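Both of the next two complexes hold chain A, though its partner changes from chain B to chain C.
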Partner chain A sequence: MEKEYWRWPESRWTAPDIDWKSGDIISAGVDVGSVSSQAVVMVDGQLFCYSNIRTGSDSPESAQKAMDKALEETGSTLKDVHYTVGTGYGRVNVPFADRAITEIACHARGANFMYGPSIRTILDMGGQDCKAIHCDNKGKVTNFLMNDKCAAGTGRGMEVFADLLSIPIEEMGSLSFKVEEEPEPVSSTCVVFAKSEAVGLLRKGWPKEKVLAAYSSAMAHRVVELLERIGIEKEFAVTGGIAKNEGVVKRIEAELSIKALEPQHDTQIAGALGGALFAKALVEKQRGLR
Partner chain B sequence: MLANYGYKNGSGDYFITIDTDKCDGCGNCVPACPFGVLEVGEDENDPFREEPVAKVSEFHRKKIKYSCAPCKPMKKRKPLPCMNVCSPGAIAHSW
Partner chain C sequence: MMEKFKEWYEKRHDYAQEWKNKTGGKVVGYFCTYVPEEILYAAGVLPVRILGSHEPQDVTEPHIFGMYCPFCRDCLAQGLKGKYDYLDGIMIAQSCLHIRQTYTSWKIHKPVDFSYYLPMPNNVQSKRSLPYLKGELEVFKKAVEEWTGKTITDDDLNKGIEIMNTSRALTRKLYDLRKESNPPLSGLEAMYAVVASQMVDKKDYNETLQELLEKLPRRQLENSSKIRLMILGSEDDDTEFVEMVESLGAIFVVDDHCTGSRYFWNEVSSNGNPLEAIAARYVERVPCPSKDWPERTRIEHIKKLAQDWKVQGAVVIQQKFCDPHELDIPAIIKSLKEEGIPAQFLEFDVTVPIGQFKTRVEAFLEMLGEEDLY
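This part shows the complex of A and B:
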């Protein structure tokens, strides 16, 4: 089979020193996105394990798979989880979720945990949409904007370019800097038209790194416009799959003249992590603790 | 919370912003809109809010440029009915 350049590796992680059996509240969040699905399990508000997989054509199945992958090798099962929150565009299709909460609310909450309470501006560059979120010190959303009408500035757009340029998706960020001079960004915002523009540039004899640089900066410019609408505050982070692409992140930082905070975990889990935090809060509410 | 519903495309920015801190969920805007763009219900983005809140219906979110166009003629534009009936002043249009 021909190499699939867009295919990124699925992963999972377990905290080395948490005993889930002694946990009082085991909460979970499952984020079924358009391209990837994540499951996060927390024990008493501590990150216990997570998984990150590709979403298939069947949302309930993807949710189940993500959860199974997160819990494998931990010795715990879905029955041990007290409360599960579903989020992402497939949130209503998580069969074992106790409640569905929008990804906007979950991302703000998750980023608040991942980057600390000082975080104010979050840019989530997901598989097929892009969200700009402003939040307060508790991770409550104060301003948001979602662009899900157009695939410009999304992970799927980058996957299309990985295939077009035959560059493995993980190497796209670093290769986009292998240019002598930063080229003009491609003029089309639409992924389909940007792709045909890129084909034209390749025919003109541009090296693929230069085409990639032109596309990465167009993507960065596009999302900065969205961020400007909600107002940019200094403590800023990028989440989602594109956060792993330094070619885009560094170009966003250059346009904004601020540095994005360094992630400590997989940037794609922010939504599911927020879901798990909400799940914990909802259990506490049920038990009358708050 | 400022909830921006709508989109940005090659021709411009089309957002209806609802200030959920000002909105009291009275629902006056729902019948005021001749095209059913607005609805009142649970706040999707704040799971702990008890009161209902106004929002742009899912159906219109990706086409509000066209849904709102009849209220936005080029000449002799009257005040928008949705903004007119909103006494807390929670609704704003970006275009």
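This part shows the complex of A and C:
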């Protein structure tokens, strides 16, 4: 079988020092995106465990798999979870969710937890769409913009380029800086058009690092436009899969002359994390604590 | 209670054909709400507004640019596919180039007995537009007389004015009911009513609405806790979109669309020369953005609607590639924001990406909502 350059590593994590059995509220968030799915479980508002997997063709199954993987080896099961919020484009297809909340609200809430209450602008670069979100100090959305029905500037576009250039997706960011001089960006960020433009550049004899640089900067430029439309307020952070690609993130930072906050956790879990935090609040409401 | 309007909307072609069979009269399809229906009613002709079907189609590509708005392509498709073959005439009043292309292409490919281009002035803010339009209406009246073989008297014109004004006043009453804290009708129902009014004989519409207005105030719905939204922008009869938004705990209470409030908002004042009165109504009405310059008068109107109908948020939605609206929308959104009304901007295509729109609208409602999960 041919090497799958696009394939990014699935992951899971458990907090080393949390005894879930002594927790009052066990809450979960499951984010079923178009490309990846995550599950986050919290114990009394503390991050307990999470998983990040590829979304399959079946949303309910992906939700279940993400949850199983998050809870793996923790000794706890889905039955121990008091409340689950589903989010992401498959949010209504999470069979065990008690409620669905949009990924826009969840990302803001999750980013507020991950980066602290000073976060104001969040750029979520997801698998198949891209959102610029403003929020207040509680992580409540105050404004947002979403790109149109097009995969330009998204994770799926980067996957297509990984395969085209035969570069493992995790190495794309650093390789995109291995150029003597920053090339002009490709003129189109449309995945299909950019791909044919890239093929043309390769034929012209461009090294693949240079093509990658040209694509990464086009992608950065496109999302900067989205951010400029909504207005950038400090502090700023990037979430989603592309947040792991320094080739795009550093170019966004350079265009904006602003630094993105450093993530403490996997940037892809922001949505599921927000869902788990909402789930906690909803349990408290049910118990009359709010 | 309001099913009749939905039925008319869905069976618009059956209605028009039955009307022809019943009355033996002529039907004119029109493309823009600057067409003075008063004069057609005065001649005993039924005006029906040509609208799209919101279905994907593959017939307009050779005839109209892909970067013209989806609405004008959808309308042309209806003609090319023969949905409006019963029409005796078509007409347009100058508004934007996209819809004019629809009219021109339709005229070439679906020739009808009577086709008329009314050069409605664009600079309605100029003092000279009223005498100009009055003159054009005289020419138009003559053309209709020649076509129908019937002289249109002042008395006929006054009757045309009266039926249009009655319809406008009744629809306004329907909209006024939506001001209540628990509106007795949904935005979807209001949309069916106002759009149907552009498809059927005003006589039928007025009678039905009159009866309904007697019953509606007693209708009790559970609308008081819903988020009150306004919808504004270009042509919009997208019932699927409205239904989706209203399924998420929101209610549309008012609109600024040419298929909605802009269609009926202003009446013809009935004194003096009828043609001049008609001309004045079209010059002074709440304008289409293609005519709202150099001053943007529509913004004040929109702000007033938002205030009077106690709107919490606005959905600003336009046909993709509609330049006149595109030019106004940043200014409108800014003004609404200054009034404390957040807006969500969306773009229509022939079919809407309902899933993605749902995410955006839901997120917008979560943002407006009072629920404290923080």
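FYI, the second predicted complex is superposed on the first by the 289 of 290 C-alpha atoms of A that agree within 3 Å, B and C clash if a C-alpha of one lies under 4 Å from a C-alpha of the other, contacts with A are read in each partner's own complex, and residues count from 1 in each chain.
Going forward, a residue touches a chain if its C-beta (ideal position, glycine included) is under 8 Å from a C-beta of that chain, and two chains touch if they have at least 3 such contacts.
Note that the structure is predicted; figures quoted are calculated from it, not measured.
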Should the superposition on chain A be reported as showing a clash between chain B and chain C, or a fit? clash
Using the touch definition from the top, say if A:E225 reaches chain B (first), chain C (second), both or neither. first
For A:Y89, decide between first (touching chain B), second (touching chain C), both and neither. second
For A:K138, select first, second, both or neither according to whether it touches chain B, chain C, the two together, or no partner. second
What is the contact status of A:S11 with respect to chain B (first) and chain C (second): first, second, both, or neither? neither
Touched partner set for A:D129, first chain B, second chain C, both or neither: second
After the superposition on A, what does A:T102 contact: first (chain B), second (chain C), both or neither? both
So, A:F278: does it touch chain B (first), chain C (second), both, or neither? both
Enumerate the residues of chain A that count as touching chain B in its complex and touching chain C in the other. 101-102, 104-105, 140-144, 146, 148-149, 278, 281-282
Per the contact definition, I'd like the list of chain A residues that touch chain C in the complex. 89, 101-105, 109, 129, 138-144, 146, 148-149, 278, 281-282, 285, 290
Going by the contact rule at the top, pick out the chain A residues touching chain B in the complex. 99, 101-102, 104-105, 140-150, 189-190, 225-226, 229-230, 278, 281-282
Considering the complex alone, what residue numbers of chain B touch chain A? 1-4, 7-10, 13, 15, 44-48, 62
So in the complex, the part of chain C that touches chain A is made up of which residues? 342, 347, 353, 355-356, 359-360, 362-363, 366-367, 372-374
